[in-house]
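Once you scroll down, you'll see the structures, which are given as structure tokens.
Each of the next two complexes has chain A plus one more chain, namely chain B in the first and chain C in the second.
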Partner chain A sequence: MPSITKPLIPLAPLAKNELGLTIRDYEGAMSTLCAGCGHDSVTAAIVHTFWELSTPPHMIAKLSGIGCSSKTPTYFVRGAHGFNSAHGRMATIATGANAANRELTYIGISGDGDSLSIGLGHLMHAIRRNVNMVYVIENNGVYGLTKGQMSASADIGSRPKKGEANLLAPIDPITLGLSLGATFLARSFSGDKEQLVPILKAAVAHNGFALIDVISPCVTFNDHEGSTKSYKFMREHEVKEVQTDFVPVRTEIRAKIPNDGATEVVMHDGSVVRFRSVPTGYDPHDRLKVEEYIRDRQSRGEIVTGLLYVDESAKEIHELNDTPAQGLAKIPFAKLCPGSAELAAMQKDFR
Partner chain B sequence: MEPTNDQDPSYYHQVVDCQWACPAHTNVPGYIRLIAQGQFDDAYMLNRESNVFPGILGRTCDRPCEPACRRDRVDGNPVAICRLKRVAADLKGDITDRLPAIPAEKNGKRVACVGAGPSSLTVANDLMPHGYNVVMFEQFDRPGGLMRTNIPEFRLPDKVLDSETQVILDMGVEVRYNSPVTSLRALLDEGFDAVFVGVGAPRGKELDLPGRRDEVESHIHIGIDWLESVAFGHVTEIGKRVLIIGVGNTAMDCCRSSRRLGGTDIKVMARRPREFFKASAWELDDAEEEGVEIVVNHAPKRFVIEDGKLVGMEFDVLEWDEGAKRSTTLSTVTVPCDDVILAIGQENAFPWIERDLGLEFGEWDMPVVDQLTHQSSLPGVFFGGDAAWGPKNIIWAVAHGHAAAISIHNHCTGVALEDRPPVGMTLVSQKMGMSEWSYHNDYNPSPRQKMTHIELTKRFESLDLEVELGFSAEQTAREVQRCLNCDVQTAFEAPLCIECDACIDICPVQCLTITSNGSEADLRGRLSAPSVNLHQALFVSDALPQTGRVMVKDENVCVHCGLCAERCPTSAWDMALFDLQIPYAASANFIPVPQRVASGATAQARR
Partner chain C sequence: MAIDNALDVGTRVNDFSIKLANVNGTGSASANSLLMQAIFRMGIPVSGKNLFPSNIQGLPTWYEIRVNKSGYTARALDYDLMVAMNAQTYAEDIIDVRHGGYVMYDSSWPLDPDMQRDDVTFLGVPLAKMCLENFKAPRERILMKNIAYAGAVVAALGIDVELVSGLLAETFARNERLAASNQTALRLGYDYATEHYACPLPFHVEPMDANGSAILVNGNEATALGCLYAGATVAGWYPITPATAVMDNFTRLCARYRREPVEGADPSSPESHRNNYLILQAEDEIAAIGMVLGAGWSGARAFTSTSGPGISLMNELLGLAYYTEIPAVIIDVQRTGPSTGMPTRTQQADLMLCAYASHGDTKHILLFPANPHECFEFAVQSFDLAERFQTPVFMLSDLDIGMNDWVVPELQWDDAYVPERGPVLDDEDLRGMAEFFRYNDVNADHVAQRTLPGSDEKGAYFIRGSGHDAYGHYTESPEEYQQVVDRLKLKHAASAAYVPSPVVERREGARVGVITLGSCDLAVREALDVLSEAGIPADFMRVRGFPFVEDVRRFVEEHDDCFVVEQNRDAQLRSLIAIETGVGPEEMHPVLAYGGFPLSAKHVVDAVLSQLEN
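After this line comes the complex of A and B, so read on.
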């Protein structure tokens, strides 16, 4: 952990966003993770995302479970609401919080242990319910907090720092999500903010469950030769064929980025995700083709990154349940809970 | 851009803004850290190495370091460097045993110094340890030059001036007091191996307006001559109403001295608006605090003399255009007064140098002096201080003295004057452990400390009452922590970098960027934070191993907090102390410039 707190420098030439806030206003406490941890870069990407989107900090809710990754919500947007839940239960808590107040922007941070082992069941149901939230898996293939055992996302043949190579097949959250009907699936790399920040912005704009699998190297236990989730391995095996730009609602589209025949997806809030330099025949709406493409690349030892699948037409949890537009939390208690007489009357209807 | 050559001493030197701005390149952050540790003797000696007169300069320096100070760009107020210098000088103990040894056996070379001001004293300071015989010729009966004659005692007490000049004279300098040199030819005939001319710019500028010569009594004074008379006690009073013409630092000394000699209604008359004044802002403040009125946009027109007596002065009241280039006269006013002091500048005068000696004079009747070697066209005759290129200030005179001493040493030992010892550097890691440094790396938000002045009711009792009381222990403790340790450099080793972005994410001022290389203008447009200061360098690394991109650092507002190095998993970033090795004639060993070596090798060397 650093010896000092990151100081505030009065005259530092920092830009301001539409709310008049500098990026420093979107930071949190000092990270206690190892120096060089990929998670800190993901944290920084999240800071950039919310600052650039000018999201008011008090309209953000950040949630997590247990693990190195799950410590990180403390390190961004100190003005946001937060909940650090039990191991693997973040998706559940997020579902409940979202049900109670749909007006906040929800971001859950999890890891490969928290999401793909202990919390896998909860993750799958959150995907199924299409909870309107950003769900980030900081995936390093290793249990860092317990000194470096291989996790459920470790590739076959990947070697830990000490001991035998992994023999078990990995769980890939993207292909898992495709099979469960997920509506927004992306993979990225902590060492590539130019890609990660636009994906995070698109995920915030997405109306439904946005799952981002971020390969985030464990600099202490999984950054060696023989690891398939090291900085070096990622830089050698990452395939960025699916490249995306995020065009916010307020941007005059033509003026900023030339549209050279790219596929465009208009998000729920009117912003646009533009796919450029995608492989021939790639359709980010075609679940089967996307899975085929990812598996084909995987068999060649390549890791495809980018926003891989998006379905903006699916209904999210509140639309499915036909809840009021206003957050339940803001509805007066008497109306939200009309009393036993109303309950009895309603029950009578079902008899 | 080409990768930055951080083995070139001038790169990191420029990052230490104060040291770069100081003509004598005083190691400011180094001595401030020593003051912070209470090591006042060490701080004083480090200071003395380059600027020779820490006690004097700690009160009177023109402070080119302070406007350059990085802290000014960080919170709007530079570190009070000058005041801290005085702290070290005031609190030091006996340093006699730390002065260089003077060889009993002389080297047989005799050097004449004309004038006993700061540049000549510096020459003697640098040459005496080599066994030279230095003979100093001084027109007055005490040493110090303009430090004695032009700076009033309430700013620079005699005891401070005496002690710091005496330290040099005690090295065995032969001083001939009351001996103005009237002929360079005669001096050369004495057979000196070298002559150093450090006579300053001794002639105050005249203002030849109508009425100037009509006066019977003399109530119109030339500023620097008048200050000199005050310093030697020849003038002890002045009229009640005094006008000072001119608004430089000499004018400030004149008006404040007048205030102490009986003046009650003192006006400093300036031609131009305030933002164009030559005087240092703090000297203007001090004068105004003492009740001196500063009148702008008044151009002197004539002296009003009645019956041979000065009764006032007539001025045109001006209106200036933007930039104060052109003026129009609005009206004419007469300001009554008893005395007028002219402080509109000073000039060089060399009536004692015969023009047939082969010493060439150029424009403005100034000697032709080599900028590097300080030698005139007459081999063996050197110039320094205000005598070389016109009026500057004390710290420049000291810098000239150091440079001239090297030339004189070369001249006397048969080495070409251009063959000067190189400037060197050392760069040593300050890592003491995990997230632990040998310097205090945290940013301290303290505001600049304000100097306490002696009360106004007591201030004018005598001419020698020092106005500035110096920093208290508490003020010193706060002020030292404002220094950003710009000499503890962020040293980067590209081969070690794994491009994890940890340094980029932690930097409190976003001064780091990893990006593809480009031209400087292109890179400046792609930095993490806007590039607002084109005077500050960009550090550009070698290509990084994994992606071939480069690490770019905008040096502008880096606060040297070391967080990049603390968050670096591979120690590609390190905090390393940069020490500029400035050669002096007195240095025993000159440290040569290190050769550029492969970065990996320097990384090894650093550990």
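After this line comes the complex of A and C, so read on.
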């Protein structure tokens, strides 16, 4: 993808994070997406998230497939290690990278074509394996780079800019994830940074596969009247009853959280996800209830956003495989090779 | 009672072949390999070829054993003894026996008179009847029939029965009841044959000392051992015949050798050890190679094992690996294509697919092991080559090598071995550099320096399968694009000096040359001895790697008649040599066997003679 280096304009002194880095240090190249693209807002939220979490840029691996959304890793955290792979295959490459070196923070950026059509199988199996990574679907219901074909997330009746309305049932990554045993499921809206940033932070803290479906309107091909993935439609139909705060690992602040009855989830690293408000009877740990709630709202034409489901007790991929805390790629060769004496000994069985 | 063995084929010691016809899924495989193992332990050169159907239970299956004191153990096409244990295939099996040969069959039921042949001797052994009388459980009666016929074969061939008894005792050391049943069955067959027939038959075994420190191993297990010794830590795979056993063995070996005890942990707790490996059974071969690329990018030695259909699926990401320069090892245990083809039959028909896998201009490094010993060695070399040249490396084994037990020299390991990691920069290297660019040929050896995820920000770069320049930046400029792909071509060519060199054997006065690869090795060598005795000395070249060294072109040019022996329909090795060395395809006569069964010397001799006559 083409990219343009972002000019670094000296501004008033910028705030620094724990590593002494400013938000500029978490930016990437200039975006070449269309002006107003939802994806650029997601990029901004990701920049903000990693800066606030003080994640060392070189300890971030950012991966993507192919599509408009998959261009965006170029636009954030230039000091991170990036992999723009093949259409639909990012989850497999992220799985292998994570298998080889669990010490990094992995974030994959994908789109609805990449994840819900060509790469759907890989997404589902990455969920099942509980690969420890953040997986963002920038969902606009349309293939942008090939100029406007409907995608598998388009709602029935949603109209493309040209041509007939979609007649096929959409694939919803959240209800799909619920059925596959996903351990972290959130939906958000690119136009709502206030909601998205805490969700991204919680996703980074989550011990396992964190799927975030971000409705991210395509201003060029799917932002018109009749589309259900437009800014206007989202603003009119979004339901934000599930609201969360993210509280990083700082004991003194944790102690200040008033225990007002809201659910708190202590994440693997000690940070806390606090459910500020939920609908009556809603339990973010109960798959059935979460699905019932989402489907009920869907049937009314509403789109539920928020951190909808979380299970911090499940084992992630390395815990399931009893691998060491150190990345496998870093284990010295001497520990991996049984040596000549052992080879001679085992060949006694080959006679 | 002893009867005369009607037709005497003359006494032959340690030089014969037998074929066993069975029904698959009845437990015959272990009886057959028992016989082969016993002959191996008697110090005699031997091979066993399992010719089995793509089925779990009920279809015909065959096993061939060739015993040859001179070491000719390629597949023989005529049989001195047929052990006919499958009534469905009696007719064809009986026809398969050579003139003057023998047929052993289950005489619990009379043989159809139509099956009779005057020029072979029938050895009836009432196996089912004996097992019915001696065993109670229905399953046992079926299973023990196998060991009973093995007992009769042991007597007929003069195999040391005490040795066989000892092998059974080793196998069933942990199951007293099964051990006893097996011993009983062995004796039932052995005693019956000894009492009723003049055993041993005129062709039989006598102990030798030809095997020395050799081992009996299949290629898939040897490959897995190679991957273990090379230090592979991540594997992605999808089940497929005939490659599945590579990962089964790797899994077993890792569980044995890669579990690191955790100091101070309760030995009975799950935290008592850490696994220094991660094997991922993928959702398909696309995912399997994707995982390997992710791990290779991250600096782990990673591999996948598959067969032709899997390579077809992997093509997309193999191009990504080639263009982005990620090390990866792909074990291809070839089977008969195209499409599903014949999954349990062998072939060497993935050469072109692997050499140029993926769309666009691509070329890959290929290694061609001939036997399990080379599977072990080449698996290790594959990882070294993959990292040295930052590219996918294919090891092309096949079903014959992978799934049959071979007698090969003992595997050796040099404890001084250091993995070749290629030009990987660490943080200290980066500190000493003004700037790092991924695809810059700084050492002028066509291989660019790389960094691993997690290294300092200065080493961070963006891998992309889209057009990139020598700095790793996106480009659509013709010059910048070509600069990178031209270097990749040079890099591939440079690897010729590092792949295993061809094996060449020359004969005095040879005007004929024969080029071959992989599992054709033994059959071709035997054929060249036969041709030499017939007054046609021929030089031998077995290529072991691609890209080809200059010697391959020279070998073709040096010979008036050059033959290329391979197991596929389209003469793929010949094409590859023609394309890559520039010699005309008309300079090489194809010798092709591609029906799915392993090559025999007869195929080669007949083809060479008939083409020389023309």
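Criterion: the second predicted complex is superposed on the first by the 319 of 351 C-alpha atoms of A that agree within 3 Å, B and C clash if a C-alpha of one lies under 4 Å from a C-alpha of the other, contacts with A are read in each partner's own complex, and residues count from 1 in each chain.
Following the convention adopted for this analysis, a contact is a pair of C-beta atoms (placed from the backbone, for glycine too) under 8 Å apart; a residue touches a chain by one contact, two chains touch by 3 or more.
Note that the coordinates shown come from a computational prediction; the quantities given were computed from them, not determined experimentally.
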Between chain B and chain C, more extensive residue contact with chain A: C
Chain B versus chain C as contact partner of A:K315, first or second or both or neither: neither
Which of chain B and chain C A:P217 touches, first, second, both or neither: first
Touching partner for A:K6 - first (chain B), second (chain C), both, neither: first
Touching partner for A:K193 - first (chain B), second (chain C), both, neither: first
Which of chain B and chain C A:H285 touches, first, second, both or neither: neither
On chain A, the residue positions that both chain B and chain C contact, one per complex: 1-3
Chain B to chain A touching residues, read off their complex: 73-76, 435-437, 441-443, 445, 498-502, 504-506, 508-510, 529-530, 532, 546-547, 556-557, 559, 561-563, 566-570
Touch list for chain A against partner chain C, complex: 1-3, 57-59, 61, 73-74, 78-86, 89, 91-101, 103-104, 121-122, 124-125, 129, 317-318, 321-324, 327-331, 333, 335-340, 342-344, 347, 350-351
Complex contacts: residues of chain C adjacent to chain A: 40-41, 215-217, 225, 228-231, 233-234, 236, 257-258, 260, 270, 273-278, 280, 282-284, 286-300, 302, 316-317, 320, 410-415, 417-419, 451-457, 459-466, 473-474, 476
Chain A to chain B touching residues, read off their complex: 1-4, 6-15, 23-24, 34-38, 40-41, 43-44, 190-191, 193, 217, 219, 223, 231-232, 235
